[in-house]
Structure formats: structure tokens, C-alpha cells
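Across the two complexes that follow, subunit A remains constant while its partner is subunit B and subsequently subunit C.
Moving on, here comes the complex of A and B:
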């Protein structure tokens, strides 16, 4: 029974660590499917995290805080859209700018909120079901955003591959010139996808500051936005695989956190390197096969679309 | 009547040099609005941020001290950026340079050794190059994206430094603070002006500007970098090696960032501790763009961005605003620069589109419809 409880605790922790990665990765996946590479995920997540936390402190209303995070991240994503889509700036450079700006802005807004406690997002508690051994806490004892991440993954997978609108998005990402020639509003579609990516990064940030570690710490994303970007490549732009990859990374994070508790005599600094090293390893493994990436990556990813006047 | 963009037949040379100034002016303007909105006297705050640090000799020397690592990192990054090699791990390469050079200094201890400083320079550059070689190898051998690899390695480098100063390299006489012993005198860069922190590292930056200028503007490999960056296929047909450009870009970035790390620990800091860089490696990305990837431009941009660090400090001391203001300003500068870069390839037109039959009334612009 004790062993079962320990396994349940590990699984719950893994899923919690994976959820922000999954949310951000699914958002970026849609953005990239439309042909836009937004390297500003880290910055958007930070803006979302601080917006959620500030709203939670001010109102105590957690759903409102989550909404605030989505709106705030969509605003900075919109800025990215204006720059890359309307003003045709370089997407890589603009994404980096968005991250640098997001780090600065969130640190600036957040300095009044350091050390303030909030009531965190509570896990569901379904009488009976949540008390079942193992599957109780893992399946029925998570907080709402965890369920949202799974539901959104399924929804995005269905939307991209089973609906007409999803097909149009993929067409725009594969060949914007052809999509434009057929009459699809390439720029408008890309704006919507960038905004969706922003909203999802906001959710991911809100999860961090409301549920995962309910407090505000400067730079609290600690590279998760970048790991989410790597996950999209790892998933070869397939939503289900992105979720799977996120759980894999959540597992690595948890192994790192629990290794010391299990009596592993390694410095915490060295153990903390694991998620980053795992990201590199995974990137190498997946990128090794160049044709696989070329077949799956949206062909117009990162390319600027200039509508011929 | 909406303004609209019209493609220029060729890129505007004037705008290439004008847009950094436009970006700086727009940033100052946005600063005015932001300070005003926060309830501070906007003109005074802007003065404290951008001008006050330059009014004292201490401020001027600090400007050069802070510009030195920025210019060094940005010069290296520019070589890569020109060839479409996106090394954004300069911060990690800087840390590795500091670890290599600092390790040598700690090993030498108080020994009076004239060879120590030159050896530290070499060690710092090797440290940075070794760290940058990882993304270069993984990109050329396994096609792994160098943006993500170099960035992940930055986190690893920070943790490695943390491990060293918390563990094996901690100063036994340091009251358990996570820092190493102070370097010996012969491991410290000499001061250029007595009484200030201005040190000989600034000369390295000047030399590096010259070296990178020759490399980029007057060497065959510099030409290859440019061609591969602008038109990879044309470069391929000419027989230029993409892998060579990747290696060159990353090794230049790593070497110069490593040198910047050495300059920091052997100059103003004098030991190793976890906060040896306030994000110089990331700010250097902005410096490289603001300087138009040109060595001389980078020198000017480095001085300007150093001002944002000093301005953040003086703003905190004199008006109690948080230092995070520095990051906000740095992000805004890059945003405005990238946004105004549109003017290099386009001009803004008002009035109706030039059509065969000029229409008397204005027509809406459905094609550009960018505000969905």
C-alpha cells in the first residue's frame, strides 16, 4: 500500500511538472503549423505567470487570474504578430526580443509581489473516486488546468487534422504563396494562430504561478518556454506526441527532485542540469534523421510572407 | 487614409544607419509615457536614466567597464548572425570562459607569474569555444537546432558554476559564502586609470573590433559567411561550406564570449561567484542587432546598452524605481529597432495606390488586412 502511494505521488508530481510544458508546447505547435516561429514562449509564459499572480493577489479570484494571464500573454503575442506579420521583421530576432522584453517586464511588474502568499489552485476532490488507490489521485485528484491541458491537446489534434479550418492553417504553413493565391487571408490566419499560442503560453505561466509553485519568483519559468519549443520539434509537430514528450520531461524533472530524497549522492546543481541535458539529447535524437524533420516541419516555418501588392 | 507600406526597389542605405537612432528615440518616447503612467516626473526620470550616468567621471569609466563584455560577446555573435547561425548561448560561453580563466587563477594562487594573465586569456577563450563547439558539432553532425542547444547549455553552464562555487572551489575561509577565494594580484587585469574600475580588458574589446572588422569585411571566409547568410543556395553552388560557416560563427561567438568572461572575473570581480554576469550574453544579442552586425556599430551600440545598465542603477538609487527597468528598456529598444527596420525595405506611403487609372477617392486595403 505504501509502495502504491509512493508511485501515485510520483505520477502526480510528474503530471504536474509536465502540464506547463504541454500547454506551452501545444500553443506553439499551432503557431508553427501556420508557418510562424515564435521564440518568445519563455517571455510570454513569464508575462502570463506574473499577470495571473498579480490578479490572484488583488482579487483572490483564480478563474479571473487565469483569464488575466491569457489576455496578458495574448497582448504580447499580438505585439509579436504586428512586428513579424505586418512589419515583416525577422521572426527569430523578434522572438528573442519578446523573451528579453517579457523577462524584464515580468520582473518589473512582479517586484511588489515577491514573498506574498496566495491560495493556490486546488485539485479536484471527487468523493469516492479521488480516494481510490493509485488511479484516484492520478486520474481524479488533479487541478482543472491539468485536465484542460489534456482536453486541449485532444481538441487541437482533432482541429488541425479533422476540420476544414485546421486544413487551411496547415496549408498556410506549408505554402503561403499557394494559400494566398487560392484566396485565404494568410496574414489574418497567422495572427489568430500567434494569438492562440500566446493564450496557451499564458495558461502555462498561470499554471506555474498559481498551481505548481504558488508564488512569484523572478524568471520562474527557468527555461520551460525553451523546453516547450524543443518539445514541438521532438513531437514532429503532432499534438499527441507533444503531450507525451511533456510527460517524459516531467518525469526527468521529478527524478531530479527525488533523487536526493532517495539517497543519491550527487550535488543538486548537477542533478538540476538533467532537464536541460535531456532536451539536448532528445533534440539530437530526433534531428539526426533529417528527412523526418523535413517531412514533418511546416515548409514555410519562419519564412516571411510578403503579399504581392 | 491609412498609411501603407510599399516595397523599395532596393534597400535603403540611409535607413540602415538611421533606424537604430529611430529605435533609440522611440524607446525614449515610450520611456516618457511609461514613467508618466507610473506617476514619476517623466523628464526627470529619463534624464536620470540616460544622461545622469554620463555626467561623472565615475559614470563614464563604469560605462566602458560594462560595455567591454557586451562588445566582446556581440562581436562574436555578429559573425554567426551574418551567416544565419543563431548562437544565443553567449551567456553560457561567457560563464565557461570565466570558469576556465578563474580556475587557472585559483590554481596559480598568489604566485607572482607574468605568464598568468596571457594564459588566462587563452584559457577563457578555450572555455568559451569548447562550450560553443557543442552546438556546432550537434548542428553540423546531427542537424540539431543551435538556438535551442546553445540556450540549454547556458542553463547548464550556470548550474556548473553554481556547483563549483558551492562545492569544490568554495573558499574555505569564506564563511560558507558560495564564492571562491580572491585571485592573486598577478591574475588581475591592470587598471587603466587609477582609482576607477576601468581596466585593460577594454583594450581587448578595441582589438577585437579591429580583428572582427578584418575578418568580416576583408577576408574570404568573411565573404563566405555573408553569402551563406544571404543566400545559402548561392553559397552552396559556389562551393562554400555551410558547416564551415556554422563552426566559424559559433567558435568566434564562443571564443569572444569566453574572453568576456575572463575579462569580467580578472577585471571588476576578482573571484568566481554565481552572479558574475547580469545577463551580458543576452543583452549582447541586442547589441549585435543595434550595431547592424558591423564591428564599429557594435562598439557604439555596446556603449549605449551599457548605459541602460547604469541608468537602471541610478534610477534605483535616485528615484527608487526597480532595476528591472533595465530589462524593460532593453527589450523595447530591440522591438523598436526590428519594427523600424521595415523602413529599410519599404517606404511608407499615404494616399491611393499608384494605379494605371488614378482613382479620385481612396480605396481600402483589403490585401494587407493585418489586424485580424
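Moving on, here comes the complex of A and C:
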């Protein structure tokens, strides 16, 4: 049973490593589908992480902490929306500034919380099911945010392609001038999508500080926001592929960590590169059809919309 | 609430609209009766599009009233307009390329039936009016004519009582245009009103009951177009006499060597929607304009790219410029041989939208005269050159600092053609030189091309507009399915001949086209 347990441990670790990436990527995917490029994911995640942690320390109420993370990240996202959608500043520059702002703000708020322990988000424990070998811990022994990430991926995929609201979002991202001419409120729709992206980044941040490593460390996202951004592009704006990419990245990360632990005769620097290489390679391979990329990519991504008056 | 007979369906009273610094609509009155086809005429920049955006709720007026079937109304969004029964077919279609036809239609309807039900309704309407569209196809796969049908079907599903069409034939082939007219006549017979924006005067005379002329934002007159001539309408539109093209010279120049020659050019398509060129041969001699007619998408783009040097040809002697084999040369080397190109797309290919006119002039004229010295741009000379183009070709722009995108289509086209002509090219290749350009600018562009020819240049004009080719060309050839017919003197061919050739029915070589096709066409009108 030892081998099975080891595999189960590896899979559980993979899923845990992948979940924050998946959450943030799904949020950014919706934002980008509406035509807005928000490079501030990393910053929003950090703000969410520190808000969640601070609330957990202050109240001990984890659902409230998760909610606080979402609200805090949405506020930051709203700031981005005001800058880029209402004041029409450049999305790339504003997004980069947002990340830098998020790093600074979270470090400032979090300096009193360094080293404080909290009770972390508990995995589900379904008597019987959770004790099954292999599938017990993998399928029935995760914490609620893991299930939420999968459910949200499915929900977003369904929403974008099967509902009218999703169709409108895709239309706005595809051709904002035409959407405006037909009578859709382009700016308002984009605000909502930016806020959704913020909320999902908040969830991702909360997962890091409440479940993955239940503590606060400055800059604890360690580049995961950027990975999430890259996943969206490599996944050609498809939610299922973004989730797949996140799991792949998580899996290779965990495997190479184990390899380093076992003292494999390869430089640890090279091993650390593997997750990035593997993810890029696989996602490039599955999305090498150029026409499909052109069709899935929101044509107005990053472009500023100025309505006539 | 049934309006009394004689009540206009749409009645605009004293509409005013200004953008910063410009009064675009100045106290405009316009009324459209039920079942009437009403033309709105005007040059680019006369305020037609702005007026229609106000009616459609995309823009709001600064002052004035809009009455709908006897009631004052306020239309603040396109949904408001749709609820009243106003439908709009946009000139640059308001379509989403990556979405299917059904999704595009759904986006234009306020109630949202399920996709299956909607597809059924699309099929019903498209069958009913002979507007063949397939609901499941993606818009990016569709031709321009098909895209327009999607727009019209979308509009009709809202059951509009007033349909606004913004220059609907500017992108259509003659036959597609005739099919559109049939649809419009049926819609009119059903009691729907049609507001038809155009500057093609013959179309308006054939189709419309009344015509209102807008000039400089003011309503100049409302007339019966059938009682007017194309010439008198043009005069109202531009406020001056339309210049006559200078007399066509009858002397041909068979004895001169061609300045541009293409010899048995073959080129495979490089994207799935392209056309293979097969065995293309042509020759343009000094002082001659060769027109190439054809339905869009039959290889015109590929030919343009082969001629301009955007795509290279393996065999250098497939293209001879001024006698020099040039097939393997890039655009710059070909320019050095005396070639100038006016591409199809004004914004993007012909000019960079965000750059000033001076910088755009520099882009193709940088080796010309003294614009650049030792790799450094000489701003004063560049602006001087751009200003010369602006003055010589009567381009309406604030100056050489204006962004290219700020110019209307006709003015930008005049600028692009002027920029090339002032470099005194030996060979000029122009694609669709007056596409979407108003009558005044089109006449100026035609005159400029004729003048250049008379100075001894060889000119190749690719166009879908038969009237234009008849006005300009000395000889004409037809491109169909990537093959080019032999060229013939313009006075030796009728529009019917050209129509047959457009269907691919070449007599000498080339494909045998569809034989069951109805290829009869209306003869070209006689625009002054």
C-alpha cells in the first residue's frame, strides 16, 4: 500500500499546487474574453492573500476570510477598471503598476502578521469515502476551494458558451465598436468582467494564505499570478485547457521538488525550470492550430474603447 | 394608435449635433413616409452617418425633435430604436468574426430565443427573401456579400418598419447589388420604409422615390431623383459642377515597349481563403490605363501582392518593370524601378492610421527628393512634401500634422494617390481606387490618374466598379478564379461581355465557368 499512498500524496500535492493557478487563470480568462488585459493578477492575489490572512487572524472565521479576500481584490480590480475603462489609461502599463502596488500594499498591511499561526482551511472528511485508497484523499479529501476551482471552471465554460450573457461578453471582446453600435454597454460589461477577475484572484490569494501555506510571508505568491496570465494565453482562452495547464504545471512542480529531495544528479536550477518548460511545451502543442488561436483570442484584447459621444 | 394617412413614419425636425469644433448636423429636417424608399445623399463628411446614428440611438442629438408615426420620441439606445421598429444595416458591418451567424443575429435581437429556434427563424427569413445564409457558419468564413446578408437578416428578424442601409452596395459586385435591389423592392412592397444612404447616383435614381441631399451638415434639398439627372444630383451634393474627365486620347501606343509586363505568372495561395493565380499575363504600355474587372475574391488580392512585391515570385522574368525582371525583388527595389502602388486597404496598408500625414508621406516617399539625408528625417522637407500633396490634390485635412485616421475615406485616398503621383512613378498599380469615396473625390482621383497617364505613365487599375473602369480604362481584362482574360480595347467590349468573363467563360484559355448561371447584367450607367 506504500506505493499507492505515495502516488496519492503526489496527486494531492499536485492538485493543491495547481488550485491557486487555476482560480486566478479562470478569472483572468473572463476578463480577457471581454477585451481587457489585466496584468495585475499577481498584485490582486497578494492583496487577497493578506486580506484573507488578516481576517482569519482577527476573527478566526475562515469563510469570512475568504469573502474578505474576494472583496479586497475586487476593490483593487475596481481601481484598475477606473483607470483603464473610465480614464482610458494604457492597460499594460496600468496592470504592471497594479502588481507593483499590490506587492507594496500587501507587504505594508502584512508586516504585523508575519509569523502568526492560524488554523488552516480543513480538507473535507467524508467518513468511508475519504479513507478509500488513492481516490479517497485525491477525490474526497480536498479542501472546499479545490472543489470550487473545478466547479468554477466548468461553470465559466458553460456560461461563456451557452448563455446569452456569455455571448455578449465574447462579442464585446471581439468587436467593441460593433457591440456598441448594436447597443451593448461595453464599458459596464467590462467593469463586471474585471471585477470577476479580481474576485477570482482574491480566491487564489486566499487559498495560498489559508490553505496552501497557512501563514503570511511577504510576496508569497512568488510569481503565480504571472503563471496564471501565461496559462490563459497558452490555453487559447478555453477554461478547460487553463485548468489542464494549471494541473500540469502543479504536477511537474511537485515531481521536480521530489526529485530534488531525492538528490537527483541534475542541477536544481534546471529542475526548477521544468514546470515552465513542460507547461509551455504541452500547451503550445495542443494549441498549434493558428486559425483556432485567432478565433479564440479576443480581437479587442488590450484595446481602449472610446465611444462616440 | 394608428397614425392618420399622410403622417410620416419618421420625421426629424431641426436636429443639431456638434462634435468639438465641428457642427456636423445643422438643423436637419427629414421625413420618411410609410412604404417609401428615401435616399440620403451626400459626400463623405456631409453628416449622413452621424444623422443615422442619432436616429438609431447610438448618438444623441444636441437639439431638435424626432417624431415616429405622429408621436414625439426619444431614442437613447439602439434597443429603443429597435423597439420602435427601426433597423440598421451598417456600412462596416457590425458583425463579430469569431462568432457564428446565429450568434451574431442573437446579439442583435432583444428577446432571446434559444439557438435552435433562432436558427429556424433565420432559415425562414433567409428562404423567404432569397437571402441565403447558413446559421451555423462563422462570420470570418463569409464573403462580403454574405456578411451583408447576415446583417439584413438580423435586421429583418426584428420586424422593422424602417430599415436604414448605409452605403449597402459599396462592397457588392454588380450582380449582388441587383439581388439586393430585389430584396429592397420586396421589403418596400410590404409597406416597410427604407432609408438608403449612398452616393451612387444611378442606384438612387433606379430605386428611390425621394432623395434628400445633405451638404456640410445642412439639408440642401429633397427632390424626386427620377426627375433629376445624375449630374444635377452630383451638383447638389458637392455644390459645384462635377469636372469632366479630359478628352480620352485615341492614339494607342502599340509601338512602345510595355512598362509593366507579367508573363505566365503562377502563384499558389498562401492562406486557405486565398486564390491560386494561374498563367497570368498582361502588359501595360506607356500612356495607357489597363483596367482589371472581376468579382472580389477571384485573385485580385494575390495579384496585387505579387505586383507590389509583398509576395515574391521565384521566376524573376515573370514580372517585368520597365523591362527589368523584378519577380524576385522586394517592394523597395521595385519602387526603385519606378513602380508605385495604391493598395486596397487605405488604413493599414495604404497608410498607418495613427501616424501623421507627413509621416505617412515619408513611408513611401523616403527616397524621393530630399526627405531623408544620411538616415535622418528632415522634418521640414517631409512636411513640405505632405503639404504639397494636400494642396495639389485638394485633401481636406487640418494640415500635414493630422493623423491619417482623422481623414474621411475619400480624402485619405486622395492623399495616398497624390503621395504616389507626386513621386512621378513610371508604373502605377491601384486597387479599388475610389471604393467608398464620394463623387467629388472620385472625380478628382480619376482626373489625377488620367493626367498621370497623359504624362506617359503605365497604369493598372483593379476595380469592381464597371462604371469606373469604363470611365478610365484604355483596355480592359477580367480576372476570374485566378485567371486573367486577354485584354481588349475598352470600346470593343460591352458590359455583357465582361459579365460573361466574370463568370469565368473565357473563350481563349482558362476555366469553363458555371454554364447554368444567369450572367446577364445591366449595362453600366453613364455617370458624368
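The rule is short, and it goes like this: the second predicted complex is superposed on the first by the 280 of 309 C-alpha atoms of A that agree within 3 Å, B and C clash if a C-alpha of one lies under 4 Å from a C-alpha of the other, contacts with A are read in each partner's own complex, and residues count from 1 in each chain.
One rule holds for everything that comes next: a contact is a pair of C-beta atoms (placed from the backbone, for glycine too) under 8 Å apart; a residue touches a chain by one contact, two chains touch by 3 or more.
Note that the coordinates shown come from a computational prediction; the quantities given were computed from them, not determined experimentally.
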In the superposition, subunit B vs subunit C on subunit A residues touched: B
Which superposed partner A:296 touches (first subunit B, second subunit C, both, neither): second
Partner chain(s) touched by A:171 [first = subunit B, second = subunit C, both, neither]: second
Contacts of A:7 with subunit B and subunit C, given as first, second, both or neither: neither
Partner chain in contact with A:116 - subunit B first, subunit C second, else both or neither: neither
Which superposed partner A:181 touches (first subunit B, second subunit C, both, neither): second
Partner chain in contact with A:269 - subunit B first, subunit C second, else both or neither: first
Which superposed partner A:94 touches (first subunit B, second subunit C, both, neither): first
Partner chain(s) touched by A:229 [first = subunit B, second = subunit C, both, neither]: first
On subunit A, positions contacted by subunit B and by subunit C: 309
Of all residues in subunit C, those that touch subunit A in their complex: 19, 53, 57-59, 77-79, 82, 88, 90, 93-99, 103, 106-108, 112, 138, 140, 272
Sites on subunit B touched by subunit A in the complex: 6-7, 86, 88, 138, 142-145, 147-149, 151-153, 155-156, 159-160, 162-163, 166-167, 282-283, 285-286, 289, 322, 324-332, 334-335, 338-339, 341-342, 345-346, 353, 367-372
Residue numbers on subunit A that touch subunit B, as the complex places them: 39, 79, 82-83, 85-90, 92-94, 96-98, 100-105, 107-108, 111, 185, 187-189, 191-192, 218, 222-223, 226-227, 229-230, 233, 267, 269-270, 272-273, 276-277, 279-280, 283-284, 287-288, 290, 293, 306-307, 309
Contacting residues of subunit A [partner subunit C, same complex]: 164, 167-168, 170-171, 174-175, 177-184, 291, 294-296, 299, 308-309
